[in-house]
Structure formats: structure tokens, C-alpha cells
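Here it is, the structure, as C-alpha cells.
Chain lettering (A, B, C, D, E and F) follows the sequence in which the chains are written, and residue indices restart at 1 in each chain.
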Amino acid sequence: MNKKIIYYFFIINFFSLYTFAFARSDTMKIDQRILDFLMSTGIFNMGIGSYIMISIGCLLIFLGIVKEYEPLLLIPIGTGCIICNAPVIGDVNPKEMIAYLYTAGIDKPLYPLLIFLGVGALTDFGPLIANPKTALLGAAAQFGIFFTLIGAIVLGFNLKEASSIGIIGGADGPTTIFLTAKLAPDLLGATAVAAYSYMALVPIIQPPIIKLLTTEEERGVVMKQLKPVSKRAKILFPVCVIILCILLVPSAVPLIGMLMFGNLIREAGVVRRLSDVAQNALINIVTIFLGICIGYKMQAEYFLRLETIKILILGVIAFSIGTASGVILAKIMAKLSRDPINPLIGSAGVSAVPMAARVSQKVAQEANPSSHILMHAMGPNVSGVIGSAVAAGVLLSLFG
Amino acid sequence: MLKSGLVSMLIGMSVVFIFIIIMIFLMFILGLIDKRFPPEKTDEIVIQKTISLPGKDANNQKEKIAAITAALIHYRNRIK
Amino acid sequence: MNKKIIYYFFIINFFSLYTFAFARSDTMKIDQRILDFLMSTGIFNMGIGSYIMISIGCLLIFLGIVKEYEPLLLIPIGTGCIICNAPVIGDVNPKEMIAYLYTAGIDKPLYPLLIFLGVGALTDFGPLIANPKTALLGAAAQFGIFFTLIGAIVLGFNLKEASSIGIIGGADGPTTIFLTAKLAPDLLGATAVAAYSYMALVPIIQPPIIKLLTTEEERGVVMKQLKPVSKRAKILFPVCVIILCILLVPSAVPLIGMLMFGNLIREAGVVRRLSDVAQNALINIVTIFLGICIGYKMQAEYFLRLETIKILILGVIAFSIGTASGVILAKIMAKLSRDPINPLIGSAGVSAVPMAARVSQKVAQEANPSSHILMHAMGPNVSGVIGSAVAAGVLLSLFG
Amino acid sequence: MLKSGLVSMLIGMSVVFIFIIIMIFLMFILGLIDKRFPPEKTDEIVIQKTISLPGKDANNQKEKIAAITAALIHYRNRIK
Amino acid sequence: MNKKIIYYFFIINFFSLYTFAFARSDTMKIDQRILDFLMSTGIFNMGIGSYIMISIGCLLIFLGIVKEYEPLLLIPIGTGCIICNAPVIGDVNPKEMIAYLYTAGIDKPLYPLLIFLGVGALTDFGPLIANPKTALLGAAAQFGIFFTLIGAIVLGFNLKEASSIGIIGGADGPTTIFLTAKLAPDLLGATAVAAYSYMALVPIIQPPIIKLLTTEEERGVVMKQLKPVSKRAKILFPVCVIILCILLVPSAVPLIGMLMFGNLIREAGVVRRLSDVAQNALINIVTIFLGICIGYKMQAEYFLRLETIKILILGVIAFSIGTASGVILAKIMAKLSRDPINPLIGSAGVSAVPMAARVSQKVAQEANPSSHILMHAMGPNVSGVIGSAVAAGVLLSLFG
Amino acid sequence: MLKSGLVSMLIGMSVVFIFIIIMIFLMFILGLIDKRFPPEKTDEIVIQKTISLPGKDANNQKEKIAAITAALIHYRNRIK
């Protein structure tokens, strides 16, 4: 059949072209060309550091997917880490796009602020407004930041670096990224990974510290139900906090301003469209960008240093001290207060919203199944977000 | 440098506490306003809200559909 | 118990560290440090202007939430206004992020054009195509723009400023912002606030003017039902208008082009995905950015000037003249037309979609409960959007 | 400068009217095409559309769920 | 009535102002002004090329809407083409905004990569993993790329241009745009239009070639059902492919990396938010931007050249050769394989997901109604996406 | 230049095939892992999934609502 002819004709043609290419190219040093190409593969251009970093990227993805440690961040960070450890060969830079996104949104820290906008739109400050004094616990837990800052100085970091490391203790990813991007961008990979990893590890880090500092009886305290909060109070709250921040700590205005702007559009009730987009499309898009951009600072030359180990150790200390400070102030408040206070709500002051509040709830229920303190713990929990944003502002104005 | 660190702790913790204490003060005022001028009962009846005013966002829709589905199954069983 | 020991150990430690910090820092002029910090608060760095602007920001938020005056814009604008009046101290600029968003989307007016894309995707030109001659009313209402432009020149503004002020009379936020950003960016705060405020005040501004120019009988005229419009006509319309705009007023192409592109993806029917995203996620994200960026031009030095008062007065004149011009042309058309025309549809020509059309409907029903002119008023209403975009193009080509 | 303002009014209003008049002319042509070649009836039946083809956008979904919920309550009452 | 007086007063006023304007302006050479304005219309400033390009834009919109040829791209491209052929007059550039979006997302090819992210999140690699050897067909089909590259060189294009033209045969829009933007941006309009048009024309281009190379009996072969693939394999696959790409072809990392990142967040299961936004809001927004930006390279001076015709011809050759290569390798594999292989799955190797796979299915069913090969064709289909991304990487590293 | 084109074909097709062949090799390994360690049956029961776990995305919601609506009509008919 003539079909077969066409078919064979095609194959013969293909092979003759391929052979011809071989033949012709032979005359122009084909070995050289193939050698050139081999020299442009990754294998021949990557140091051991890149392989280690790719493994770390895989580990982060594994932690995100299998252990469900902050997967929204760790999966993009891990992927970004893998991609950004691809070698640059000649003029071809495989991380060009990520570098571009980095310049656009981390150098001037746009992404963490837009995420804070979304966090604000997702946060209900009602439990805090219903029981204002629990806000103190969110202040106390920031002690971990400054304690760690001093520790970092002792370990040889300079003031800017030490501030960026201390802020890990604030247990807020966007705040950590914002401050590190401003003060010590080369540490961004380490501090961001530490912040998100430890936030995911809160259920492992906090309970032993809490149990060390409290008796079973204290942990089982039942708290009075929260009073309802009016829509008006919820709307006025974010506006008041922005203005307070402008008057007291202007350097914290970017963080507090965006957080409270997000909360205002949430509570306003008349701009559902904006609140929805801040809580969904916008925060999700920015999370993707932010994650892969953090990978940019996980290139071997930035990340594979002794400093990274130090930062990881200091980070866990920051979390621990923060937790302890919160619990201790809660115990003191419990003694001074007329209404019963369960000291476990203190540990939620580190923020790590809403994980730390859930830990408080879980530990309380272990001690006394009829103690439901989740909503009470949400007060210090969200206050801790404000507290560490203020702390970041202070550090920025001192060392920025 | 350690000195600077200590000072930053001093200032930092002080500012954080001052900020939070003023914030608490503001929240108390908001609480007083609520007591003085209790908001009119403008909230829609909860049940009606649950059934007929689904939020635009996906999560609420999800709950909404789950609720409707549950009701549906309930009535299906009633029919059987 | 040894728990108590740990607990007290911790407290003692904390206090000793704090005291130690005090003691050590004392030697290095702690008073100076605290003084320095106080000097970095907002209170000691803000002029009276900033306080006034913060109050104005609060007022805009109040108008948005309580009065529901264009809340989608006024809440972000108000918040942006508050944030942007935070003081810059040393190197720490709390409005850095907003400045960045401003450069990205207002300097080259990207945001207003993307909003126009969404507006196009949200607009049904059906009522206009069904009754083409009502488009004339959308042209007549633009007289307010040029009348006000002359008024602004008389009040001492230069030609570029006067154009930006006149365009307020177009009653289209994005058009106003686009033109002002191009011709007189420092006035952006004032013209944008005027445009959106007066759009929200249309139900208060228009009825007295309408009633002054029409008799009750005229206002109660019942119009014939609109004929249906085919999908084909709705698809061809935006393409024709873009081409017409290119041929006649190329300087209006950005506005008309994006508006009609949005409308095309709406009517095409085969690109639902694009139409949805233009109507929702994209327009909502851009509205947030646009709003806070307008706040950037509401810093005291730009906004607290006599000019702002003049602009607000000229703006309301622009709206009034536009309304009157529309009504008068509608009356003339009513006399010339065979089919009955309710002159109230003329006032909708100022655009302020869909508020002005609703005002027409409401005033008509007051006069005659069986007169339903909402859909008839939508014709001039959307034509007014096109009309003021063309006017903006002319002004841009004359003075840009 | 006032002169320039007057001229800009002259040109501006003229151009706006010319633009709109040509646009009206185009719309009349579209109308004529519609009369000459009436589109086939491709619209889905309205009821079917209301029940089974909810839009992707949140508002329609809202209406949709509201409608389904209303129907649900109706049948619940029928059962009782 | 006094109402009538106000009304007439207003009309008289309007006319007197208009007349006054005429009178005053007369003294300052009104003819000159009007002439100036006429000179600023599009009609007097557009060459024949612009008119032709506007017609081509309309044609693309027509093809998108009426023929449903890749409407998501062709409608925005067509509109962008129309808008970008508006004339620049003096300082007023109607395509300024599109130029800005172009710089932001095509110069550093951000948009095609973000679209690849969404494509990854929309793609199920399950059918490929279930039958790995079909991936070879996705490699074979890339022969069209290199054959056409040589053809383009013969027709006088330089190496960079020839690469951009050859890649059309990859039948992947984002890959084509990525490579062209890097190597020969001036050809972007032509190559992008060719890529998307021919992808839409796959149901017309492929069947005759397929039928020429296969017998009816071969086309009716029934294949065994695919075995199920575990979630674990689907999660590991994208990570493995990224690492393989880094090791072998680092220059393909941007494309492969984003594609596989999108697929990873799809399969991870724990980041639904990110997967949703990548599949919907993000890809849709970027598609709008990408489309109108391609229009930017369809200005008459770039597009109306003999080269464009050559590119269109070479493009269809590329598609045809790719299809033939896939079918022929499939026939060879069918002979060597124990399990029956329908050679029609070879033509799906050009990618053009999922159109080419549907064509295979359709042609197979024509020959034998009980042959369901859609899922089997999806394997080569998605493998072809990877194949052409790798080919693009090679071309970039050779000529970039 | 034609030579360069031929070489690029040679290298390009080789690299594409090498890449794909290694990828096939990886996929076979994934397949072996699947055979060796068959995944536990963690999938939710399909019916339950269909009824009570609607996706966030619009398309799924659409299907979901369509499914619920269908059920609704079914029960309505049963009542009649």
C-alpha cells in the first residue's frame, strides 16, 4: 500500500536527516559541542551545597505534606529552595523569575504586609475585646523576643541580625519576614523556616514547658463565659489601634496598619467583596509568591552556614521563653483577679494563631474535661500578634 | 553591643506593655460604650441567617451546603 | 514542690535581667535612650495637620460604614489617609509600602484601568443598545465637566488642575483618578474623595435639581418597554466602540479600551473564567490597592490647602450642572420624540452607575407609582461612562 | 487661560457629541442587523437555567442556595 | 410658571456660554484649534498597516468567539492587537498601560511561568505514571520543533528567531511565549498567534496526517485499562521531575519548575487554597494580562512583515511533523510491545492539551466505536508538555 | 548557521529523549514502590465525599448544587 511507502519514506527521511546532522556536525567538532552541552548540565555545575539544599527542600516538602507542618508555607518554601539551588550557567539563570518576584515583594516587604492584610480579615478580635485584660499576656510573651535577641548578640550576631532572630519568638511568620527583610535579608531563609517550623511544632514545644510551670489543678480551672461584643466595638477597635500605633510606634504602622485594615474591612460588613478577596485570592496568591521567594534566600551560600544552626537553636529558645513568660504572667494575674483565670491561656500569648490557643485548650481538657478555654485563649493569641508587631516596630526604629 | 541589646529589651518590653495597656484601656472604653448604649437588636434571627443568608466565601458555602445536605438526608429518611 | 521553685526561679531571673539591663544601661545614658525613643513616637513628630487628616480619614470610614457612602472606596481611602499621615522618623517610613503601590499603579495609571476592566465586565449595555438615542443624554451631562473646568480656571487653577477638577463632574471614580494621576497628581486625594463622595450623595444632590426643572406630570411619564437585544449586538458593540475610539479620540483608548474589553469578555460567553475574575478577584484586589494609594495623596501637605475646599465646591457644581444638562436635553428630546420620554432619565446621564439611575426611578415613582424607568435610565447611565471617558481623552490630548 | 478653557469646552463637548452620535449610528446598525437576521432561539429554557445551571459567581450561588433552601422548607412542611 | 423660567434661563445660559466661547476663541484662531484637534484624531494619524492589524484583531476575536478557537487567549490577544494599533500622538500614548504590563511580565517572562503554574495545578499526570513508556511519544513529537528550526534557518531566520519559530511545534502557548520573549521578542505576536491558532486547529490539522500514516485496523486497536496510581506516586512525581531537570537541563528549570510546583500543590492535598487560586484567580488574571501584552507585539511594524507569513507556514509544518513523528514512534512501539498500543496515542504527544488527546480518541472511535483511548492519549499528551519545555531549555542554553 | 541548526537538533532531540527516558525510569520506580508498599485505603467513601465534602472551587460547588437539586427534585416527586 502507498501508506506504507509514506510511512517508510518518513522514517528514512528522519534517519537520513539525523545522520546527515551527525555527519555535518562532525566536521565542526561534534565532540566539543557535546562536551559543551555536558558542561551546561546541572550535575557538572553543582557543588555539594546545592545537593544538600535540595535535600533540605525535599525535607520541608515532606514535613509540609506528611506531617502537615504549616503546609501552606513549607511546601512553597521547599519548592523554592529546590529551584533556587539550580545552577546559573553562562547567561541562563533559572531563578531569574524568583529573583524578580523577590525584588518586587520582599525587598520592599510587600508580601508579608499583604498576608497581614489577609490575616486581619481572617481574625476575630471579639474574644480579646470581650476580656481586654488578657491582652497583657500577649505582651508578656514578647519577652522571648528580647531574651533571644540578647542571646543572639552573645553568640556573635550583630544588632540587626540579632533583632531578626529574636523576632522568631514572636511566632508570626509575616512579622518575622518583614523585619528580617528590612534588617538582615541574608538570614531570611533561616529565620522564616525557623518561624514556620516552630509554629508547626508548637504542640510539641509548649506542653512540657506549660506543665513544668503549672499544677494540674491550675490547668483545670474553668473560666467564666465571655460576654458578647457589639459590632460597633469590633469596628471601632481596629481604627483605634491604628491611631494608637501612629501616635506611639510609627515604625510598626506598616504591620499594625495592614492587620487592622484587614480587620476593619472584615468587621465593616458593607465591603464583603474586599474582605473576601483579602481572605482568599489575595492572601493565597501572595503566599505562593512569598514561599518561593523565601527559597531564594535558601541558596547554599546563604543557608549552609553555622549561623543557621545557631538561629534554629535560638528560635526554639525564643518560643520557649515566650511561652513561659506568658504562663507566668497568667499565673500572677490569676492570683490578683477576682474571676478565675486558667494560666494556660498565657501560653497562647506567643501568637502562632490559632495553634497555640488550641494547645492551651487541649492541655486544659487533659487536666479537666469540663474546662473549655479555647475562646479565652484566643484573646492572648491575637493580642500576641499585635504585641510582636509592636516589638518589630521598636526594633526597626532602634536598629533600622 | 550587649548593652544595646539590654537597652532594646528595656525599651522594647516597656513599649509593648505601654501599647497593650493603652489598648486595654481603649477596649474598656469600648465596653463602657456598649453598656451605656446597648446596640439595637439588629442581628438577623440566627436560624434564618443559617438557612437563607449564606456568605459569599467558600467556607461558609461549604457549611451551608453541608447543612442543607444534612437536612435533605433527614427528610429523605422521613419519607422512607 | 519543685515546680514552684522553677517558677520563682524564672520570675527572679526575669526581674534580675530587667534590673541588670537598667543598671548597665544607666551607665550609658539611659535617659538619653528613653528620650531618643520618645522623640521617635508619633506624638512628638506630628503636626496639627496630621491630626486633622487622621480625623478626616476616620470621617471617611464613618461615612463608608454608617452612611454606606461608596464603602468599597471610602473605607480603604480613609484607612490609607490615616496610615499615610503617620510621621516619617529617620529612615523608617511607615508609608513606604503604600508609596510603592502608588508608584506601581497610580503613576502609570494601572489601577483605574483595571477597575474599568472590571466595570466593563459588570456592565450590561443592553438597555443602551435597545434605545440608542438615549446615549445623547450621557453626552449632554458631560457639560458639567467643561463648565466646572472654566469655573476652576476662574478660581485660579491652571489648565491641568482645572481639567482634573472638571472631570469630577463625570461622576466616574476611575476616570477621575486616571486623568488626575496624569495631569495633576497632587490633587488626587481631593478629586478622588470629591468624586466618590458626590457619587454617594447623588440621592441628595440630584432630586432638588430634577424637581426644579420638571413638572410632576413630566416626572410621571411612563415609557414603552425596551425591545430585547441580541447576544450578537451585545458582542459587536464593545468592539465597534473601541475602534470608533481609536479613530476619533486615541487618547481615550486606555479608558474606553479597557471598559470595552471587560464588556467583551462578559458578553463573549466563551470566556466565563476571565469575565468572572475581572468582575471579582481582580477588581476587588485593585480596589484595595487603589483606595489606600489615594490615601497617599491625602497627606496633610497635599490635602490641607484652600484648594481642597475649592475643589469640593467645584465638584458639587459639576454634578449639579451635569444633572441639569441631562434633564434639559431629555426634555427637549421628549418634545421631539414620538415615543414618550420621561425627562428624569436625563439626570442618569452623569453616570454614577447605578446610583443615578436609581434616583431617576425613585423620583419617577414618587410622581407616578406606575412609572418604571430604571432600565430606561440605565441607557444614559452607561452612556455617561463612555461620555466622560471621551471627555477625559480630549482633555488629556489638549493639556496632557 | 480662560480662552483655552472656553476652547476646550467647545472642542470637548463637540467631540463628546460627535462620538456619541456615531455610536448611536452604530447601535442603529446593530439594531437593523438584528431585525434583518433575527438570532436563533438558543437561550436555554429559563426554568432549567434557574435550577440546574448556577453561575460560578458568589451572588448567583447565594440565590441558588436560597432557592433550594426555600424549596426544602416547602417540602419539609409538606411532610409534616 | 417660574419653573419654565428657570428652565429657559438655563438653556439660554448654555447657548450664550457656547456662543461666547465661539466668539472669544475665534479671535485666537479657532480654525487652527479645530485643525489641531483633527490632526490628533486616529484617522489622520494611522497608516494602512494599523487598519490591517485592527482587522486582524477583529478576526482573532471572531475566531475566539464564533469558532471557539482558544477563546481564553485569542479574545484578549485580538483586543490587545486592536488597542495597540491606536496611534501615539504627541506625548499621549494609548498603549502606555499595556507597555507597562509588558515590561512587568513578558520582558522577564513572569506571565507564561505563572500560567504554567496554573497548568500544573490543572494537570493530572496519573495517566502518564500509570503507563510510563508512553512518555516516549511526548519526546518523539518534539522532532517537529527541530525540523522546523532547520527549516526556519533555510528561510533566512537567524538562530534565535529559528528557535522561537521551531518551538511553535511544541504546541504549548506558555513555552512558546517564554522562549520567544527570551530569544526574539519582536516575533512574539506571530509565534504566539501561530501557537494558539494551530492548537485550536489541531482537530483539522491532525486527522489527515494520522490517517495517512495508519491503517483503519491500527486506529481501532483497543488498549488495556490503565492501572490506578497512588497518591504517593503522584506527589513524588513532580518533585522527582524538578530535581531531574536541575541535574540535566538547568535552563529548563523555570518552565519545568513552575509546572511541577503547580502539580505538587495540586496533589499535596493539604494546600487546597493554593491549588485553587493557582487554577483559578491567578491563571485567569495572568491570562488577561498575557493576552493583551501579546497584542503589544502585534503592532503593524512588528507583525506586517513577510516573516509573519513564513512563521505561520513553518508553524503548521512544525505541528504536522510533530504529529507524524509521534504516530510513527507509536507504530514502532506497537510492534515491539506485548500489550496492544493504538498508534493514535502518538499524535497526542505534540501536547496541545487536551485537544490532541481528544482528537486521538475521536479518530479511534471512528475506526472502532469500542476503542476508548482518551486516558491512554493523556499520557503522551502531558509528556509532550514536559518534552517541549525541555526542548525550550536546550534551545535557551544553546542560543540564549 | 545551518550547521548550528543541525547540531541543535542532534543535541536537542538527544537531551529530550534522555530526559524522558530517565523520567520513565523514575516512574517505573514509583510503580515498584506502589507494588511493594501498596497505599492504605485512606480515600473517603465516594458517596460521602460527593454529598458532604464539596470543594471550595466554583466548579465543584456547581456540581454539588446540581446533585443536591437533582436529589431535591427526586424527593419532591416522591412526595407528590
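Criterion: contacts are C-beta pairs under 8 Å (C-beta built on N, C-alpha and C of every residue); 3 or more make two chains touch, one makes a residue touch a chain.
Please read these numbers as outputs of a predicted model, since none were measured by experiment.
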item	value
Remotest chain, chain F as reference, centres from CA atoms	C
Higher-contact pair (C-beta pairs counted), A-F versus A-B	A-B
Between chain A and chain E, centroid-to-centroid distance (C-alpha), Å	35
Chain B and chain E, separation of their C-alpha mean positions in angstrom	45
Residue numbers of chain C (touch at least two other chains)	17, 37, 143, 147, 245, 248-249, 276, 280-281, 398
Where chain B touches two or more other chains at once, by residue number	6, 9, 11, 13, 15, 56-58, 61, 65, 68, 72, 75, 79
For the chain B and chain C complex, residues of the former touching the latter	3, 6-7, 9-11, 13, 15
Contact footprint of chain E on chain A as seen in their complex	1, 3, 6-7, 10-11, 14, 17, 37, 40-43, 45-46, 54, 58, 61, 64-65, 68, 71-72, 75-76, 79, 82-83, 85-92, 94-97, 100-101, 280-281, 284-285, 287-288, 292
Touching residues (chain side chain E, partner chain A) in the complex	108-110, 113, 117, 143, 147, 212-215, 235, 239, 242-243, 245-254, 257-258, 261, 264-265, 268-271, 273-274, 276-278, 281-282, 324-325, 328, 331, 394, 396-398, 400
Interfacial residue positions of chain C with respect to chain B in the complex	17-18, 20-22, 24-25, 28, 30, 33-34, 37
Chain E residues touching chain F - in the complex, by the definition given at the top	128-129, 132-133, 135-136, 138-139, 142-143, 145-147, 149-150, 153-154, 158-159, 162-163, 229-233, 236-237, 240-241, 244-245, 248-249, 272-273, 276, 279-280, 383, 386-387, 390-391, 394-395, 398-399
